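Working notes, structure below.
We just call them A, B and C in the order they show up, numbering each chain from 1.
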Amino acid sequence: MAALLEIRNLSKSFGGVAANVDISFDVAPGEILGLLGPNGAGKTSLFNSISGEVTPDVGEILLEGRRISGLGPVACAMAGIARTFQVVRSFDSMSVRENVMVGAFTRLGSTRAAMAQADETMEFCGLTRRADAPAHMLSPAEKRRLEVARALATGPKILLLDEMLTGLTPTEAQEGVALVRAVQARGITILMVEHVMEVVLPLVSRAIVLNLGRVLTIGTPAEIVKHPEVIRAYLGDRYAAG
Amino acid sequence: MQNAITLRRRRELITAAILLVLLIVLPLPFHDPYTRNLMILTLLYAALAQSWNILGGTCGQISLGHSLYFGVGAYVSTLLFVWHGVPPWFGMLAAAAVAGLLALLVGWPCFRLSGHYYAIATVVVQEIAYLLFLNWDYIGGASGVYVPFHGQSWMNLQFRTAKLPYFYVMLGFFALTWIAAWLIEGSRWGFSWRAVKDDVIAARSLGVRVFPSKMAAAAISGGLTGVGGAIFAQFVGYIDPDSILSGPLSILIALPAVLGGVGTLWGPLLGAVVLIPLRELSSTFLGSSGSGVDLMLYGALIMVVALMRPQGLVSLFQRGRNGSAS
Amino acid sequence: MTFDQIMQVALSGLLMGLIYALVAAGLSLIFGLMDVVNFAHGELMMVAMYAAFTLWQVSGLDPMIMLPLVALLMFGLGMAVYRLLIARALAVRFNKGMVQIFVTFGLAIFIRGAAQMVFGGEFRAVTGTVLADRSWHLGGIFLPLPQLAAGFVCLLAFGALFLIGRTEFGRALEATREDRDAVALIGIDRDRIFSLGWGLGAATLGVAGVMLAGFYYVSPNVGANFALIAYVTVALGGFGSLMGALVAGLLIGEVEAVTAQLLEPSLKQVGMFAIYLAVLMFRPRGLFGKI
C-alpha cells in the first residue's frame, strides 16, 4: 500500500542549532503514528516542516507522491494537511461555531455550507453544547477539542496533533483518546506528538522516537518500550536495562 | 437553518428595515433647507464611512487617503456629464469602475506594507493625485468644474431648489453601502479577515489566504466611495481638488467609522450622526470667524473617543456578540 | 541652465533638506522607540514656530537667541504629550495601532484649532532680525542668510543627536528600541525612556521650528506641509535610523528643488512622493531601516 506521507532525509537548523537531522519515514494511510521523544528532540520542528510553516533545509516531504515541502502553510492546508497547536490558538473574538466555520471555509465557499459542515464537525467532537460560546471562555479540554474540530472541518487527509493529550485529567484524556480513535475511524490518518507514554502507546499502531534531532527508532509500541536506547533517552542511563 | 449567527443576521436586517422606514419619513417634517442639508450630508458621510469601513474595519487596512476615490469618482462622473451629457446614473457606474480599479492599483503594492507604512502610503498617493489634478488644466485645474444646470430632472439628478430628492438618493446610497457591508461580514471573506486579525498563524494553517480578498475589499470600498463622489458632485454643482481630493476629507471619511466603531455594522452611521451635526453646528456657531474653537472641539472628541472607547460608540449599546461584555 | 543656476538650486535644496532631515529625525526617534507614528509631529513644530514668533514679538530679541529656551519648552511639551496621551494610548488593549493613529491625529487637529484661536489664521512673519533679507554672495549664487543659518544649526543639531546616541541615555534609547520588552530586566525604566524620547523628539522640532521661523511664514496650517514631508522622509530613510533621516532629508530636499525647477513650483512635491513610493516598493524598510 502506497504511503500517504513520505519524509525523505529531512534536515532543518535554526540559527546554527540542528533541530532535525536526516529524518526519513513513511506514514501509511489510515494509521495512527506516534511521534515521541524527550524535550528538544525536534518533534515540533518536524511538525512545522510537515504543516508548511517552516521549509526544511535538506530533504523533502511528499503527500500522496506530490512534493509539499516548502509550499507554505496555506498550500499544505489546501492539500489536505491539518494540524493543532501545542499552545491553543483559538480565534478569541469568535464563537466556537465561527471558529470551526473558518476551518470549513477551506474547501467550501458558501456560508450556508460552512455552517452545515461546522454543525456536523462540532457534533462529532462533542462541542455542540458550546457552539455559541466565545472561544476564549472554553475550558482547557474544550479548547483542545476546538482545535481538533477546526482542523477536522478542513476535510484533511492527515491530521497532525501536537500534544493534544498533555495536561488533561485522566477522564479528559480518555475522552481525547476516544476522539482520536473516532477520527481514525473516519479514514483520516493521524500523526501525533505526545509526551504521555501511557496514554499514547495503546493508541498508536507504530511510533517514531526522536532524540537530539535524529530518528532513534521506529517500531510498534511493544518494541519501543523495550528498546534500551529509548529508555536511556527518556530516563537516563541509570534506568537502562542491563 | 437556524442558529445564533443566522438569528443575529436576521435581527440586523430587521433593524435595518425599520431604520430605513424611519429615515424615509425623517426629513418630511423639516422644511428648512439648512436642516435638510445637514441630513443629506450626514447620510453621505455615513455611507462614505461605511464604504471605508469595509477596507479599514473588517479588513483591517487603515486608509487615510480615501478621498482619492471620492474625488476621482466625482471627476469621472462630472466630466462625462459636462462633456458628453452622460446622465449621472451611468456616470456613477463609471465612477465606481474607475475608483475601484484605482483601489486595486493602490492595494496591489501597498498591502504588503504593515499598518503605519500602509496608512502613510495611502496619504502620499492621495496627495500625488491632489497635486496632479490641481495642475491639470485640461480638466479644470485649481478652478475646478462647474456642473451646468440642465433643468430639473431625475435623470440628471438635478433639482432647482428641492433638497428632498437628494436626501432619498443619499439614503439609497447609504442603504447600498450598508447592504454591501452586511453581505461581506457574513461571507467567507468576513470570516477570513477576522481570523487573520485574531491569529494569523492559525488562520494560515487553516488555508486562509488573505491577499485576494483584501484586493476585493479595496475595490468594493473604493468603488462605493467613488459613487459617493459622483452623487456629491451633482448635489453641490461644483467640484475642485480642494473640496474633493483633500487630506482633511480623507480623515472625515474615516472618522465616523472610527468614532462609531471600526469594523462594526452600525458604527459608521452612529459616528456620522454624532460627528457631522456636531461639526456643522460648531463650525457655524463657533468657527465662523475662523476662531478655531470648532477644531479644538473636534480634535478633543477624537482623542477622547480613541482613548476612552476605542471600540467605538457602538459598544455603548451592546454587550458583545456572543453575550460577553466587549 | 548656467552653472550658477544649477548650484543655486542644488544648494538651496540641500539647505532645505537639512531642515527636513531634522524634522524627520525627531519623528524617526519616536517611532523607532515605541512604534508610534506621531501624526501630530507637524503641529508640534508649528507650536515651536509660534513660540519663537511670540518670544520675538514680546522681547524684540532675535529668535535664534531663544533657541535654547524654545528647545527646553518643547522638551517639556513632548514629555507632557507622552504622559497625558501616548502612555494611555499604549495601554489600550483594543485596536492599538488605530488608537495611536487617531489619538495623535486628534491632537494635531486640536493644536491647529488652538493656534487658530490664539493667533488667528493670518500668516505671521518674523522680520527685521540680524540675518533677515540678507544673503551671502558666492560668485553668482545667492544664499539667504536665514536659510544658511538654519542649515548650519540643523547640522549641529544632528551632531548633537549623534553624540547623545553615544551617551548612556542614548544607549538606553537604543536598547529600548531594540527590545522594549526586555529592557526592564537590565534596569531600564521603559516609561521614563519613552517620556524622555518624546521630549527629545519634540526638542528637535523646537530647533527646526525656531530656525524655520527665520524665513518661513507662520500659520496654523504650516505644520501639515512639513508633517507629510517628514513622514515621507522617515519612511524613505528608514524608521529608527538617524543616518537614514539625514540622508533621506537631503535627498528629499534636492528632489524637491530639482522638481520645482524642472516642472513647476506647485508640483514640486510630486517628485519626492514618486521617489518615496518607488523606494517603498523595492525596499519597504527604507534605505537604512532597521525595522
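Basically, contacts are C-beta pairs under 8 Å (C-beta built on N, C-alpha and C of every residue); 3 or more make two chains touch, one makes a residue touch a chain.
All values derive from a computational prediction rather than experimental measurement.
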item	value
Interface ranked first by C-beta contact pairs	B-C
Chain with minimal offset from the mean of all protein Cα atoms	B
Chain whose mean Cα position lies farthest from chain C	A
Approximate Å spacing (C-alpha centroids) for the pair chain B, chain C	32
Mean-CA-position distance for chain B and chain A (Å)	45
Chain A and chain C, separation of their C-alpha mean positions in angstrom	53
Chain B - residues contacting chain C, complex	62, 64, 109, 112-113, 115-117, 119-121, 123-125, 127-128, 131-132, 134-135, 247, 251, 258, 262, 290-304, 306-307, 310-311
Residue ranges of chain B in contact with chain A within the complex	1, 3-6, 186-188, 191-192, 194-195, 197-199, 201-209, 320-324
Chain C to chain B touching residues, read off their complex	31, 35, 37, 85, 88-89, 92, 94-95, 97-99, 101-103, 105-118, 120-121, 220, 224, 228, 231-232, 235, 264, 266-267, 269-270, 273-274, 276-277, 280-281, 284
Contact set on chain A toward chain B in their complex	51, 53, 72-74, 77-78, 82-83, 85, 89-95, 97-98, 101-103, 105-106, 109-112, 114-116, 119, 131-134, 137, 150-151, 154
